[in-house]
Amino acid sequence: MTATATGSGAGTSRAGLGVTALWLGPALALIVGVVLYPAVELVRASTSDYSITGLRKGAAGADNYRRVLEHPDLSTVLLNTVVWVAAVLVLSIVISLGLAQLMSKEFFGRRLLRWAVIVPWAASLVITARLFMLLLDYNYGILNQVLLSAGIVDTPVDFLGDDRFTMPSMIGVGTFVTLPFTAYVLLAGLKGIPDDVYEAARMDGASPWQAYTRITLPLLRPALMVATVLNIIYVFNSFPIVYTLNDRNPGFAHDTTITFMYKLAFKSAEKSVGMSAAAGVFNVLLILVVVLAYLRISNWKEATDA
Amino acid sequence: MSTTSIARPAASGPAGRTAGPAVQRPRGYRRVRPYVLSVAGLAVAALFALPYVVMLLDALRPSGDVLATPPSFLPREWQWGTFGTILSDARFLSWLKSSLLVASVSTVVVLVVAVPAAYFTARYRFRGRTAFLLLVLATQMFSPTALVVGIYREFFQLNLVNTYMALILTNAAFNLAFAIWILQGFFASIPQEIEEAAHLDGCGRFGTLWRVMLPLTLPGLVTTVTFTFIAAWNEYVVALTLIQDDARKPLTVGISSYVTGYEQNWDQLFAASVIAIVPVVILFAAIEKHLVGGLTAGAVK
Amino acid sequence: MNKRFAAAAAAIGGFALTLTACGGGTGAGTAGGGSASSGAAEKVTSIKLVAAEYSKENTAAFWTKFAEAYKAKTGITLEVQVVSWNDIDQQSSTMVQNNNPPDILNLNVYASYAKDDLLWSADDVLSDAVKSDLLPNFVKSGTYEGKMYGMPDLSSARALFYNKDLFAKAGIAAPPKTWDEFVTDAKKISALGDGTVGYAMPLGPEEAQAEYSIWMFNNGGDWKTDGKWSINSPQNVETLKFLKDLSVTQKVTQNNPGKTNRTDGAFALFQSGKAGMVVGFSPLAATLDKDGKVSYGTAAMPTKDGGEPSTYGVTDYLMAFKKPGNQEAVKAFYDLYYSPDQVNTFIKNEGFLPVTQSGLEVFASDTKLTTYLDTLTGAKLTPTDDPGWDRVKLAVQQSIGAAVAPDGDPQAVLDSLQKQAESGS
């Protein structure tokens, strides 16, 4: 091993190509071997002309991309996606900050709390989505039953069929299933902050709020960043919640880019895997732009280089 | 604010294991604090568990009662046999076995591959470091739904369709990003001095990583294991496409059988789903205490 | 990206790049190949069936036993993959995209596959005895451009289910025969209160085309008339307006029928005893019998003016892909499947209706099925023999629901569907 701790900056070392390949090789092999090839296939599919059966009939050039861009529901879908991603992301980060704090404290029942929080994560999204479909239904939904008997509403609320409530319902469930992951990443971050830092703050006479904003939040930054970046991607690509809660609604009124992509291939009159692949490529580019923008705004390189 | 300038590890070992942040609070609050926290914690726990309590109750009533209008919270008629039916169903047990196998091995593969990569990215400057981290992140941006056609083609050509190996490789590859990113952050936040001390004690690079760094990143490792296991446990579309034999299907794919457009066994679907949560919670319960570990230097001997 | 980094990545990922290079050409079989090539090809030793899952208990179990019988009879292995109905479109598309279709595929459409020249026709793989045993209306719906490609695996027919208790409570003596009677009866049931609705109408995406077809057929309408699309014919517009009125004006349906699916919506309501009527089929009857909570009757659909009712029939298909050397194996598959022991067992287990003359005779003894069997041979189907329908059906599922909303426009929706159908075929 040639590299020694002689590095510049914050004490990192420089490494040559051979060493790099040794440490990163397995990861690169997996990524290139398993992810890259299908990604290339996706691009190839997006420039191909397919029959409704999936049979490739020839090259399509940019036709699929054009048809996606000209799709009458595209603007609705994009708007839905922005609302969905922004709302779920913000809600889950904000709530998780509190939740992680709570989970990090020592109290009777903490273990129970930690186990309970893991459950929505442990249950598969497909099942959780189906479960909430039952809970939120107009006729047999238990939530409506509760609201009715508590006198909060006079008639049931059509959470999944009424256009005013569909997106908020999806966002609620989407946030609920995103919380465990986010809270645990933040909890791990909190636990990475050494206790003596707080000790020092206490000596300096900092109030709890000051300690939180001046010490906890800045030190939590790497964890927050990981949680945010990955959540952007996961929420963008979150399929089961949007698809299942929305599957009674005709058309694309409440679809996001990912369910739009799926419906283009299998559920709508377009039934075109080429168009769907083009939408898939757009989806990746969209995520890429959002993530890069976020990384730039949040000074990601500075944070990870530190 | 730079991470390393603040993070001065407690060299005292056990002392580092004290309760979370201890900062000045008003006197009165101190006294009621344990109770307030307990009440809040249990309330939040109930909130998270509640939908799944409904799920459990749905597993304990006849299928026809699950979608009954008006709904009832408790079953109108208790039906205790569903869990027994599920657990004695050979098909269900084989799905459970497939899921356990695929999720466990995928998790191990991710750890073996991600730990060196994360450590290296955190500790070394090398050309393409940023590119590597972004490449890893980019793998997450492709939804498996979009890639499944190419994945099928690839494994078909490798003659790995209908094998666990294909699922393990795919799960490992698609979950690397999280592992590398989060572990990278943890490694980076461990002060260089600790590592240098280990070096002076004669540990090699790998020795330092194994004996010193890994124990220090336990919270990160626990999070990674939890995340990867759950992601692999819940993966659906790739398994659906790559697995042909019923016996090799994982739970997620198998349990879609319980409710079709022609025959609905809601009770069995939810009983199976409840059982499917159990291994994850058990795994989590087993490793959860390490989340408390925090940054202690006690591991350096 | 840095050059040296890229080089290293390329070297490590070398095997994947090799794959990329040969990505286009390989794949088992030549899905589009002509039938003439099959004679020269080596005979296959195994074939693959992708089967749709009708029920957990029966589908996989049946095909496993079937594969054993097939192996014993022919020496050929039958690989079975059972896929849920929700996913089977995606799975079949993935396989076709990779030039690796199964030998036999169980699906609810076939004509597009026939149009793409992917399938064996009945002339190639069905023995005469089998062909003459199939019910004529299913042969017709399975025939594309003069040749039969869509071999029916089972069938179903719809009937009007009514809740006897609610009918008695509302003082209705017999199920309605005309649309006017239907509205009157539905109003009486809705008036019972306590969340009861006269008619549970699922026009959400799951099965909108089925629900609409039934009403359409019983107003003398059809999707195609004399070989031409007639989606926006006056009587079809009248039918859709009637359905919208049921919800918006008469208020005899459940909330939001355009956003209600069949399985977890309309059926669930009827199973709860909260709906006076619903259009159902034999699997619903089986569920109701199992629950034992709703006392129900079945009747023919009401027609607009009390004329002869039409039955809406549905069949799914077992189609065979042309692959080198699989013709004999496929033929043996059909021979075995259509042997009375097999096909009737499958259909009986799943609770559906027969597709053969001999099956009709076997099932005739089951009095529960009389309502359906009497009308099965005359049942009308959707135009599954037109590849254009495969697209129109999806368009219908995604748009009919919007037409019955309070601000919905049945004429505009049907006009747009008509336009879409005409431009597609």
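Just so it is clear, A, B and C label the chains in written order, and each chain counts residues from 1 on its own.
FYI, contacts are C-beta pairs under 8 Å (C-beta built on N, C-alpha and C of every residue); 3 or more make two chains touch, one makes a residue touch a chain.
What you see is a predicted model, and the numbers here were worked out from it, not measured in a lab.
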Identity of the most central chain, Cα criterion: A
Comparison of A-B and B-C (more C-beta pairs in contact): A-B
Distance from chain C to chain A - Cα centre to Cα centre, in angstrom: 36
Chain centre separation (chain B, chain C; CA means) in Å: 39
Between chain A and chain B, centroid-to-centroid distance (C-alpha), Å: 15
Residues of chain A engaged with two or more neighbouring chains: 17, 20, 28, 31, 33-34, 37, 40-41, 45, 134, 137, 139-140, 273
Numbers and ranges of chain B residues touching at least 2 other chains: 67-70, 127-128, 132, 148-149, 153-154, 256
Of all residues in chain C, the ones touching two or more other chains: 4-5, 16, 19, 23, 90, 94-95, 97, 195, 206, 264, 268-269, 272, 274
In the complex, chain A residues that touch chain C: 17, 20-21, 25, 28-29, 31-34, 36-37, 40-41, 44-45, 50-56, 133-134, 137-140, 156, 158, 160-162, 247-251, 265-269, 271, 273
Parts of chain B lying in touch with chain C, wherever the complex brings them together: 62-64, 67-70, 91, 127-128, 131-132, 148-149, 152-154, 156-158, 240-241, 244-246, 256-265, 268
Touch list for chain C against partner chain B, complex: 1-2, 4-6, 16, 19, 22-23, 26-27, 48, 53-57, 60, 64, 79-87, 90-91, 94-95, 97-98, 100, 195, 206-207, 262-264, 268-269, 271-272, 274, 283, 286-287, 290-291, 293, 350-351
Residue numbers on chain A that touch chain B, as the complex places them: 1, 3, 5, 7-17, 19-20, 23-24, 26-28, 30-31, 33-35, 37-42, 45, 99, 102-128, 130-132, 134-135, 137, 139-142, 145, 176, 179-181, 184-185, 187-199, 201-202, 205-208, 211, 215-216, 218-219, 222-223, 225-226, 229-230, 233-234, 236-237, 239-240, 258, 261-262, 273, 276-277, 280, 283-284, 287-288, 291, 301, 304, 306
Residues of chain C defined as touching chain A within the complex: 4-5, 8-9, 12-13, 15-16, 19-20, 23, 31-32, 89-90, 92-97, 112-113, 115-116, 118, 195, 204-206, 208, 254-256, 258-261, 264-265, 268-269, 272, 274, 387, 390-392, 394-395, 397-402, 420
